[in-house]
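In what follows, chain A forms one complex with chain B and a second complex with chain C.
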Partner chain A sequence: MLIYLLRRLNLLVLTALVLLGLLYIASLKMPGDTLTNLSGVTHPSQEQVARLTERYHLDGNGLQGYLAFVRQRLTGDFGLSQASGRPVLNELLQVIPATLELTILALLLALLVGIPLGVLAAGRRGPLPNLLWGGTLLGFSVPTFWLGLLLMLTFGLSLDALPASGRINLLYDVPFVTGFMLVDILLSDAPWRWAALWDAINHLVLPTLVLAALPCFIVIRTIRAAMLAEMDKNYIRALMARGVPRYRLVLSHALPNSLAPMLRLLSLQLGQIASGVIIVEMIFTWPGIGSWLLAAQYQGDHTALTGGVLVVALSIIVLTILLEIAQALLNPVIRKEIHG
Partner chain B sequence: MAKPQLYHEESIPSPWHQIWRHFKARPSAVIGLWGLGLMVALSLFGAYLAPYSAQQQFSDQLLAPPSWHSDGSVLFFLGTDALGRDLLSRLLHGAHITFGFAGLIVVLALGVGLVIGTLSGTSQGLRSSVLGHLLDALLSLPSLVLALLFAAVLGPGLQNVFWAVGLALLPGFVRVVHNAIHEEMQKQYVMAARLDGASPWQLLRFAIWPNITDVVVLHTTLSFSTAILDIAALGFLSLGAHAPSPEWGAMVREGVNNVLSAPWTVTMPGLAILFGVLATNLVGDGLRHAIAEERG
Partner chain C sequence: MAITRYLLASLTLFWLVGCGGDQPQGGSGLVYCSEGNPETFNPQLTTSGTAIDATAKQLYNRLLSIDPTSGELVPELATAWSVSPDGLAYHFTLRQGVAFHSTDTFTPTRPFNADDVLFSFGRVIDPQHPYHSVSGGRYPYFQSIGLAAQIARMERRSDHEVVFHLQKPNASFLADLATDFAILLSAEYGEQLWQQGKPTQLDNQPVGTGPYRLSRYLRNRYVRYRPHPDYWGEPAPLDQLVFDITPSSTTRVVKLIGGDCDVAALPQISELAVIQRYDDLAVDTRPGLNVAFWAFNTQKPPLDDPRVRRALSLAVDKRRLLTTVYQNTAVIGKGLLPPISWAYDPSLPPFPHDPYRARQLLESAGISELELDVWAMPIGRIYNPNAIKTAEILQQDMANIGVKLNIVSYDWGGFISKLEHAEYDSVLIGWAADNLDPDNFFTPLLSCDALISGSNRARWCDPEFDALMAQARATEDREARKAIYRKLERRLQSQVPLLPLAHASRTLGRQRHWQGPILHTTGGVDFTRIRKEP
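What follows is the complex of A and B.
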């Protein structure tokens, strides 16, 4: 197990270095002044130029420059945002909680809805499994941005039932403590706190639904496939022969075993989920990392863009490896496949 | 006319033949195949079928509703957009961007992925590990984020879409080919072929590749639907195809401004994307079932 962990760690470091290399090359190739793109200082004075050139080793060879870039980024110096002049890291810390709040809620919803539906879809009688099967196929094919627009159009604008954009009504001035809106509201002791909480939840409904849609369909299909495979196995037949009731067979024997592929699947879908987050945040003007990245792109703020991309990609890499380790902990067979 | 059977010869259908037989037995898969064929035909010949050009503006017909609406005219079958351009013509002209471009990207990613995956799948130990994990850094970058980077470096345009979607799809192909080859290499028939003195190339050509084709084809259809959705999403975020372009995602983006007064400018391109992806997914689903049934 120790060797396995060391290998994964090795992989993490190597992938991160390759990623930083790609980003370094991208920052060198981006239009505009290289020094500005790396540091985010838009109109550097003479001494600033000298200091930054030394810090980023731009006068040295490419390798030195790369190593200096890696050192800067890993010590938490992401440069300044060219648009606002504030450190990129501070801006990131402001927007990341909003994204996390939305993503975590959406994933929870996807699992809560997806697992029971997946079990139902694995049934062999009645029209329900076929309906669910067709439904997921249709759901896979709907473009996320289009689904978001349609829901916003019907529930947000035509029916006026739910707010169509933003995180909370601007009337409520919630102090920034953790950045998680629901937590912040509960922490504040304002008299309008319950009204604000209700408002924040209303704002969450549409983005969470749209973001949860794709993972939910994936969960349904995976659970269904895994359940069908499990139900054919011998241990299930043995239990059936002993007269174990069907609901116990499914819930306490087949289901736990078919949850294992879920982790693997989630780790493969992280990129898709991240894409979905960006689209959803853009449609519902959710002030998270996705809309922040898009704003940086439209403003030509290359420092902020590379910083944000680095954070998104690094978190995906770390999560993938954590999920892999979790799988190895749960399933000893995987530990043997060291080279993967 | 049925062939007279002179000898009691048992004809064993080839694996592909069997897969096709299972595929044919599913109505949904056949419908999907017809839909896919229609989309391919439209992306090849759509520009010749379109009644008007993609940019022709009818200034007296701004935001005309679709023809089944009481105010609609059959001259503009699906209605017009805010600049008076015929939506049907634009959809037909855009088919080769959204749909054809997706096909091109998938085929190229398939080719490159097959080469890298074969190299890493047939090698062992460190080399296999390096080749197999080389693209992990890319796998962690979703196509949208890649497109953001490419748009910053190259400026917005269709070339971003090409690189971003292609590079985002590539690691998946490498992984699928790598895993499939790795699995086949453990099997006895490969060992038998090797004992017969097959060279590595012959081993690949005659023993391994024919047996991984089904998995690869399945992954290709899945990647194809991903590619269509990605291209449309990039067009929608104006990171790929740009405003006057009749790319379907970009058309949705243009329609958003008038979504309340003219919802068809958003629904029609969206339905077109939905139709294309759904047809592809139906074919993919049918293939998956057929392969599963054929393998028992």
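What follows is the complex of A and C.
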């Protein structure tokens, strides 16, 4: 297990270095002043130029520059946003909780709905399994943006039932503590907090549904496939022959063994889910990292853009590796696949 | 001992009560979905409508302002004013007991007085003023009307009396002081920031005397205002005012329908019908004091030849523009002045649409193969909702007379900064007036002074035209001024440094229960007199 962990850690460091290298090259090749692209200081004074050149080792060779860049970024110095003049890190800390809140809720929803439906879809009797199977195929082929617009049009505009844009009605001046809106509302002692909570939940419904759709279909399909394979195995037959009830077979034997392949597939789809987050944030003007990255892109804010990309990509890498470790804990066979 | 305890208790009670009054009132107030980030919180530094909307009427006061219904000048921070018989000295009596906003970093120790007037205008007109070059040192509106050259000196008679001495008489001086740009800043705040070495905060963390104070600004997200508790006038009608920064006009409409927006800025013309489908929503329209035009770079051959400019203008079919681009929510621009201006001349003939004569004119100018660039704004503005589409229609019109027109566009920031370098052949842009004075349509757009400040998009400097504009400014009598503007419009039609296209209306969508004048013919949105009807 120790060797396995070390290997994963090694992979993490190497991938991160390659990622930083790509971003560094992008910063050098981008139009505009290199120093500005790296530090975000627009129109630096003589003195600032000297200090920044030293800090980023721009007078040295490429490798020194790269190492200085890595040191800056990994110590949390992402430079200043060229559009607002504030540190990129501060802006990131403002927007990341919004994205996390949405993503966590959507993934929870996907698991809560997807796992039972996956089990049901693996059944052998009645029309339900086939219906679910067909349904996931259909859902799988619907693009996120289209689903988002459809729900927005139906529930937001035609029925006028749910807010179709934004995170909360801005008249609720919720103080920023953790950045997670639901938590912040509960922490505040304002007299209107229950109304605000209800409003925030209403705003969450549509984006969460749309974002949860893709992972939910993935979960249903993998659980079903794994369950079907599992239920055919000899140990299950043996248990069945001994008269263990079917629900116990499913819940305590087949399902836990099916979770590992599901986790593996989900971790492979993290990039997909991240791009889904960006699309959903754009459609519902959710003030998270996706909208923020898009704004940075429009405004030609290079430091913000590279900073945001770095954080998103790094968190995907870290999450993938964490999920792999989780799988290794669940399934001893994987631990032996040292080269995985 | 008992007394101390009593005192302590009453103090605590006092503190509690005081805090209670300042408790944020969640859920009540008004959300205005605006179209962008304000570039600055000081209207002196900009002519951008977005920044003016977010600052001028909400955060600040002027010496005087224009009553939107009658068009008369009404007092704000000046209670009375008089003009000397020679028209050279303007004497203002200032309002007493006007309090500035208190913020986390600044607590005013004195009410508004003459020093604040000298500070606010000194910054703009005096290059030696310590604050003159802070935040870039550009005052686009004041530079375009040449304010620095107009004012000989300012005199502080007493705490509550100020006199402006002019170089020469100027009939539009009071109207200029009533614009949204001529706001009053706090000299004390300026001094404090100067000593702290943070002068740019004056423009980012504003302190004014207006009915609202800035509570919080989050870029790309929102601007939040709270009422100014010690406002001198009618207190602000809202517990809080929030500008929800929503650049996409479709999203603004969606939020309006969903109820997250009470008022939505600049709906697209095609979206008006959608808003009108809902019973609880309404559309406000006001004929705008604006003009969209096609400006020719008159310093670039062959456009320095008036015959060529006239030929191009003759080929433009404005009626088609009106139906396709404006969907008939605008009127044809015959001259620069829109029909609601008092100096508008109904007898001015419209510029004809005559491709045949256009070809003849081009031939007589000795031009056979002409290829031109037209720069089109990338975003919709009040005066032109879709400049790219306008350019495409012009492209067809020009093809009719054998002129090839290439459309050029950049993102808005790049567009504006590249315009200042005047590398273009022609540009589709416009002007939204800042006050009711007709001079506002001429001096900022076509004077030689405006060539320097950059708002003269035609790069035109004509001594005869300049002299007429100066004469109009120096004339007090309305009828006489009208006659001069008539002359100016005719000269414009013969020289065509720019071709006026249309005068658009300004619109916004709102929840029906919000009543009150939000839009005025000039200047930014106004939330000082809005109220909720059940």
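To be clear about the criterion, the second predicted complex is superposed on the first by the 340 of 340 C-alpha atoms of A that agree within 3 Å, B and C clash if a C-alpha of one lies under 4 Å from a C-alpha of the other, contacts with A are read in each partner's own complex, and residues count from 1 in each chain.
Keep this in mind: a contact is a pair of C-beta atoms (placed from the backbone, for glycine too) under 8 Å apart; a residue touches a chain by one contact, two chains touch by 3 or more.
Here the structure is a predicted model, which is why all the values come from computation and not from measurement.
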item: Which partner, chain B or chain C, touches more chain A residues; value: B
item: Touching partner for A:Thr303 - first (chain B), second (chain C), both, neither; value: neither
item: Which of chain B and chain C A:Pro191 touches, first, second, both or neither; value: second
item: Partner chain in contact with A:Leu157 - chain B first, chain C second, else both or neither; value: both
item: Chain B versus chain C as contact partner of A:Ser258, first or second or both or neither; value: neither
item: Which of chain B and chain C A:Ala295 touches, first, second, both or neither; value: second
item: Partner chain(s) touched by A:Leu138 [first = chain B, second = chain C, both, neither]; value: first
item: Partner chain in contact with A:Ala26 - chain B first, chain C second, else both or neither; value: first
item: Touched partner set for A:Ala274, first chain B, second chain C, both or neither; value: first
item: Shared chain A surface residues [contacts with chain B and with chain C]; value: 157, 300
item: Complex contact set, residues of chain B against chain A; value: 28, 124-125, 128-129, 132-134, 136-137, 139-145, 148-149, 151-153, 155, 168, 225, 229-230, 232-233, 236-237, 239, 249, 252, 256, 259-260, 263, 266-267, 270, 273-274, 277-278, 280-282, 285
item: Interface residues, chain A side, partner chain B - complex; value: 11, 14-16, 18-19, 22-23, 26, 29-31, 134, 137-138, 140-146, 149-150, 153, 157, 270-272, 274-275, 278-279, 282, 293-294, 297, 300, 302, 305-306, 309, 312-313, 316-317, 320, 339-340
item: Chain A residues touching chain C - in the complex, by the definition given at the top; value: 83-84, 86, 94, 152, 156-157, 160, 162-166, 169-173, 190-193, 195-196, 285, 287, 291-292, 295, 298-300
item: Partner chain A, residues of chain C touching it in the complex; value: 23-24, 26-31, 215, 218-222, 224, 240, 242, 244, 246, 248, 251, 254-255, 257-260, 278, 411, 413
